[in-house]
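The two complexes that follow have chain A in common; it is paired with chain B in the first and with chain C in the second.
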Partner chain A sequence: PPPRAGRPEGGREGRGPVLRWPFAAGQIYWAKDIIFLANEHDLIGMEAWLEAYHDVNVTGTQSSGTFGRAGAIQAALSLELSSDVITSFDVAVEGLNGQLPNLDLVNLFYSFCQKNGVLCTIQGKLQRSDWDSLPAYLHSLQTLLLMVLKQGSGHPQGDHGLFLRYHIEAITIRGINSFRQYKFDMGVMGVTLEGIFRKLNNLLERLHQSYFFYLLPSLSRFVSIGLYMPAFGFLILVLVLKALELWMKLSSFDREGSPLCDGDQVLNPATMEEPRPSLLTLVPPLLVCHATGLALYFVPVWGQRVATEHFPVSESEAVVLTSIAIYVAGLALPHNTHRALMGSGSDRGWRMLKLLALLYLAMQLSCVALINFSLGFLLTVTMVPVAAIVQPTGPRYLYAGLLLLVTPAVTLLFCIFLYQELMEYPISLLEGWQRFLQAIAEGLLDHYLYGSIVFPFVAIFVYPCWLLLWNVLFWK
Partner chain B sequence: MWPPPSSSAPAGTRTCSAGAGFWRTRSWGQPYLQAPAGAELWVWFQDTVSDVDKAWNDLSNILSGIFCASLNFIDSTNTIIPTASFKPLGLVNVTDHRFLRYAILPREVVCTENLTPWKKLLPCSSKAGLAVLLKAERLFHSSYHSQAVHIRPICRDKSCLSLSWELRQILTVVFDSFASAQGKKDWSFLKIFSRTLTEACPLASQSKVYVDISSKTEEQELLDVSPAPLSVYEASVQGDRRTYAVYDLLNPALFNTSRNLNVLLKWKRPQDNLGLAVPVLHAQRYVSGYGLQTGEISTLVYNTHPYRAFPVLLLETVPWYLRLYIHTLTIITKGKENKPSYIHYQPAQDRKRPHLLEMLIQLPANSVTKINIQFERALLKWTEYTPDPNHGFYVSPSVLSALVPSTIAIKEEDEEIKPLFASLFPSFDGSSYFVRLYTEPLLVNLPTPDFSMPYNVICLTCTVVAVCYGSFYNLLTRTFHVEEPKRGGLAKRLANIIRKMRGVPPL
Partner chain C sequence: NITFLSIKVRVCLVTLKKKNHLCFDILLIFFSFKLTDILTAIALYLAVQDYNKVLFKKQKLLIELDKYAPDATELIQTPMEMYYIPLKVALFYLLNPYTVLSCVAKSTCAINNAIIAFFILATIKGSTFLSAIFLALATYQSLYPLTLFAPALLYLLQRQFISIKMKSKEFWLYTVQYAGLYLGSLIVIICLSFFLLNSWDFIPSVYGFILSVPDLTPNVGLFWYFFAEMFEHFSLFFVCVFQINVFFYTIPLALKLKEHPIFFMFVQLAIISIFKSYPTVGDIALYMAFLPLWSHLYQFLRNVFILSCVLIVCSLLFPVLWHLWIYAGSANSNFYYAITLTFNVGQIFLISDYFYAFLQREYYLTHGIHLIRKDRTDPVLVLK
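So, the complex of A and B:
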């Protein structure tokens, strides 16, 4: 059997134990090569190895190349063990940009844990035995929300997250050593892992039969893409319907504005002179908003050195604070863009701008939901209702408050608090603010180190779109 | 037994081999006669053959039948005509490469059904002689297994007035006794084959067992071999001096002490680091890149010779569904571009023939040469996928042929005295030896559709067609007209009968 495919195993903290495991080395039933890998520097080390193995350079990491090769890698298990006895295994599935491994790999892990009587958890939550009770549903909801938050962050939740880009199914298994009385030793762990390895060894094809898009409320249940996508579609439909309404109103304006044209289809010179804002008037706000977005993407990193020279801040602080400053400065834009606007002052102007913004937002959100559902979902749930109702007439300050509440940065802050609440580890406001700064820094780092798309997506697309809505609100 | 080549088969020389597993050059050292992973067949036809392709097709089908191997899958999509990498073996004066055909089936693996016909070619089958050791269940309990058959014309005698056909059968097996015996490296015939040797094949003129007992360090013997060999033979094999303990089964003295021969090899002290010397020439090949659109085939060729440079012929066959971009071919040695002195490229034709790339590359001393070529993955038609498309598609191993300069002076073997070693490991001018290496086969993923999809589509389409077509057809072909109810219900009929009897007109 020449499939020279192996399974590397990233042992982050488990170098010693990994080597001691009773892997039946040299048994002829191993039809594939097994790569044991102990890496340093966390994800960076993993990424460097993966790039060297695949002989590519995605992130600009320099590495000395790798000697041992074993062909196409089929699956990977990343082990994180901090002690030689454990009380349970926790599994992490969310990878870079919210990519997930094939569900069969998760099922494989779960079935072997059950077979050997090892406790296994996901998101640190043990499955409840009573299924139909309300507390159990709430428990599953908590687990599900945790997964949505982690996936939406686009940050790999373990070394496995970087394998997924190379089409290698991978999960991270963490050994948890809690205060529980009954503990499992290395023998049980070894038997479980060897079982998983032998199952993978027997695979003739890559894992492809099961789902790649799913959400896990517990290890034994899943929500498939077929269930959650229609729900998401209905949310997007709100934007489309609202856009349709605006479109119809705009066309009715046309009819009222030029009643003479209706009959003979000949343009009357009198109607030509009426101030009819053309689509060109939408170009300045679009340009200005996107320029702000581009500034948010480029300036913090360019200005990093200047900032550290002139202010007593570290480099990461400089980047984070610059991006927040640009973000907030963008809010002042509407007061300036008006001077450049030709067709301001009419209802028609803001309706056209809002129509454009709604369609733009709908397109962005549906695109990102195909790549990273959770990110799309979090943005949709917050932005869609407010985007639909916002307008320059009516209770403007209420709208402004609502719009500010759903800006991506505030959504991030809110998500941090929600995450801590779900982890049953609530934090104070100040701590939350610190986490917020940290999260922004991590988002930037993920983008520059591993190629995560969350930061550029928010900076270049979602934020300008939100600014368009902000412009609609302050239309004069 | 074997079709007499001179009469029925028009082949000049032919080589057929099949292997399971991959020879790990870095840990096992230089293979003696390497067979590629998968099945390989190459034939030089005699220049009297008019239709080479037909003869090739017939021959591969015959061999497929003889060896129970799927050699009948050899067709134009995997057959190539190398121009420089292969030379006819033995006494042939055909040098026109149009009479050469070469094919590798990288997915074929060798198994017991191939071993049995192979053993039957031996004069005593596996009834007597060395072949009694070849017990299938032991042979395949190994890390590597390959078997090969070479046929070539040779001189019948010294005067070389008439031709003989030589059939050479080669079996290579690697047993990992270190792993299977809990860290002990000692082995014996009984342990490896669960058999011992008792006698030579009565038809044999020579029947010898050679055990390599050469030690790295000259001063002390590390190995202990029992029974004590009656003779020791020293030879230079592939640039290395080897010492062999020789057991001649035709020598009756061998069976004086015991009725059977069970060679037992023991290590005198535990060896923790038995580093086999890294071969002078070895290679590594892999696919780089990710995603399902493009990729890159990279080959690393190592020359570990401290001071001699030598050229190597590289033969690369790539199936048509990987579209090679020949302009991306780069050959880099020590950071500089290395221009091949000979290059022959034949592009693929979709569904007809594979890519063929042959290059003569000079390898500087102590260097690594990296050969890169980019490709694009083609979309296959849906019937062209294998039953297990998510396994991936194989790219056959590339072939490296080189005259490797030896680090030691090679003693010329006299063909008369030592025919085996002289023909197995021929040397050239006493300073270099010929090596043919095969790299790893590659496993490449092609964009694969979800194959449950056609089924879904068929079901859906059939349902839609059945429902729509059926009702439309009904509507179009039926004629509608208002029909008066001719007969009423049972009550009405009864009433009518009664009315008839009464003489009243029916309802």
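So, the complex of A and C:
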């Protein structure tokens, strides 16, 4: 709906949100305690407060000071207002590790904005009124893709992101002050927020009836898990079917080799003499790949001090550059190991390794898609097609190029450019590289500060699995 | 009584903490669980080694008696193949992630497994007395192993060359003797418990707890969700229906696998671990340790690939969905139960696959592999 005309521009009634809102404090209808919290140091301050409030220590943050408690927190609204007049509200839902609040809270916010005639956006995009035209679908797709990229990053998109793991439904509401003509003052904002608070006040139990797994193409529409999971399942099915095909081939090898089907005694002498590699031949590539993965996880942080002593880099640069170095070094390392052990690789060997790698990948992706759908989806869309076709015969350099294109690091770079494109703020290659380094540093920082799983997951599981496929490619 | 024992262990831990030998004592307890697992593995190793010898002798005898079909020689197990099986069984038990998990969790399931392994060892060595005592100990601990009475009796009869006939006097004499030993030692142990506690309260709180399933804490089994959802007044009927599963299959299996008691024992162990009221992954580890023993059935298994994928995926999804349900709060119990159900169905299919493969191999051994129908088409085996 269009904003109501005739609002006084830049109303001066409110000094600040904290001073303004307790106007309703004297009312008798408040059945619950309301905590007003102004925090310092951004997310770190939030995490410290949450840990102190719940008397737990999950991230190693130390907080001081005792304060009153108000029992289990039911819901939280995180407000980010930079001026006392706004043109619209923007809502952020993606939390740590891509966790989402209950959809009812988002709906609540949306319906109160509608009621008070406040403009509201998601991912900074305003919903179009003509929702069933092609440009509108493209617009929704852009919004959806932005959500997928943000959720996939695992980075909390606002202070609310840290509440979610304490079973507290939370969203971040940002006041946007753009060049739009109609502005809303503190009064309208206060009425909207008080409405939301009163709704939450009336809740008898936790929000649980609605969805926790959804994607939002706009504020009024959502894609539920029942719609997107089957699509994801079909993507994973590609890997499973390919693995099944390999299994069939391997067992037909067995049949030829074994005397069970000795109908024709003229067996191919080559297949008979070829030593049947046991499962033990798969152990060295598996171990080397995982060791590289573990090195990628541990070495950058351990070697931080050594690197800063010997090279003219700052600490964060040292960590990022070491991780990139290990990542690239991993490409050169493992595909030579089995050759040293057993000469040239056999057909059976690479098939077994590929079978293992495909199943391993399918399991990882389906597990992570349950925790953070977007991360799983981004990795699946990129990795699955190439993982299915890669083999040591045929156009190997083409396969190598494709495989390099879908490595998680390149996916990250690609996602950064896509994100900038969708934000309608394209960047140059050099800027993209800068953002890439920054993203790696943030991923590491998120893991060590808040316990985000994206970095360890990629380093310990996805990357070794990708290296296994790399091994398959250079088996011969 | 598993919970009872784990409480006991916890109490031990607390009292030990008070003595300020915390680090040392935790290590001690950890090593005692590790030691139990190692003892189980050794018992399984010795048992399988002995069983292989028996199997080899039996095979040789049957070949000499011309019981096998002439073209079935390739199905006969060679000593070369059998040589590494005991080692594989022990390693399968020790390196199984399920064993590692239950050891890390300090589950008393390790103790139960150790006693069952000793029981199997005693049975295979042919010691009636020790077998009965260990079976009584296992029953005393978790009740369900009493179904292992049938395979043990069949094996011991086979070992003493007593034929299983209803009219034979020897058969009844031996059965009564074994049952008497078993029941006698069970009564002695229970009475000992009574003298220790001076009350019979432990009977309902151990066996009643196992049979009536009052604790509905989620686990990898089938009971908790079903009884959490059910109306109270149906619960007795369905408890009976669920519990009967463990005991129900014993009689048909005993009739079908009369000649192969150790395979019967394996199937029964699997059935216990699937249908018991509070299953843990440690139970699964015990019957999975026997899989290398049946590696010669591999060529007859029909969908081992899919089933092993299902079991592995489910095992990985357990912690993920548990996290989503309990910690993140975004999924609910249905998600977790769906995986439990898939996991157990996968196990049931795996066991029936092995069962079918075993029967198929036995059929081929006696009738020959290259069966040709009268109308020259490929034969189809139908399991009846």
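Just so it is clear, the second predicted complex is superposed on the first by the 432 of 476 C-alpha atoms of A that agree within 3 Å, B and C clash if a C-alpha of one lies under 4 Å from a C-alpha of the other, contacts with A are read in each partner's own complex, and residues count from 1 in each chain.
Everything that follows uses one rule, which is that a contact is a pair of C-beta atoms (placed from the backbone, for glycine too) under 8 Å apart; a residue touches a chain by one contact, two chains touch by 3 or more.
Worth saying up front: this structure is predicted, and the values here are computed from it rather than measured.
Engineer: For A:Phe474, select first, second, both or neither according to whether it touches chain B, chain C, the two together, or no partner.
Structural biologist: neither
Engineer: Now for A:Phe222: first (chain B), second (chain C), both, or neither, which partner does it touch?
Structural biologist: neither
Engineer: Counting only touches as set out at the top, which of chain B and chain C does A:Phe414 meet: first, second, both, neither?
Structural biologist: neither
Engineer: Just checking: does A:His167 make contact with chain B only, chain C only, both, or neither of them? Give me first, second, both or neither.
Structural biologist: Touch status of A:His167: both partners.
Engineer: A:Glu205 in the overlay: touching chain B, chain C, both, or neither? Say first, second, both or neither.
Structural biologist: first
Engineer: Using the superposition on chain A described above, determine whether A:His54 touches chain B (first), chain C (second), both, or neither.
Structural biologist: first
Engineer: In the superposed view, which residues of chain A touch chain B and also chain C?
Structural biologist: 165, 167
Engineer: List the residues on chain A that touch chain B in their complex, please.
Structural biologist: Per the stated touch rule, the residues are 1-5, 25-28, 54-56, 69, 71-72, 165-167, 204-206, 208.
Engineer: Contact residues on chain C for chain A in the complex?
Structural biologist: Contacts found on chain C: 74, 299, 305-306, 309, 312-313, 316-317, 320-321, 323-324, 327-331, 369.
Engineer: Can you list the residues on chain A that touch chain C in the complex?
Structural biologist: Those residues of chain A that touch chain C are 99-100, 164-165, 167, 212-213, 240, 243-244, 247, 258-260, 359, 363, 366-367, 370-371.
Engineer: Considering the complex alone, what residue numbers of chain B touch chain A?
Structural biologist: Its residues touching chain A are 20-22, 37-38, 106-107, 109, 141-143, 176, 178-180, 284, 286-292, 296, 298, 388-392, 394, 440-445, 448.
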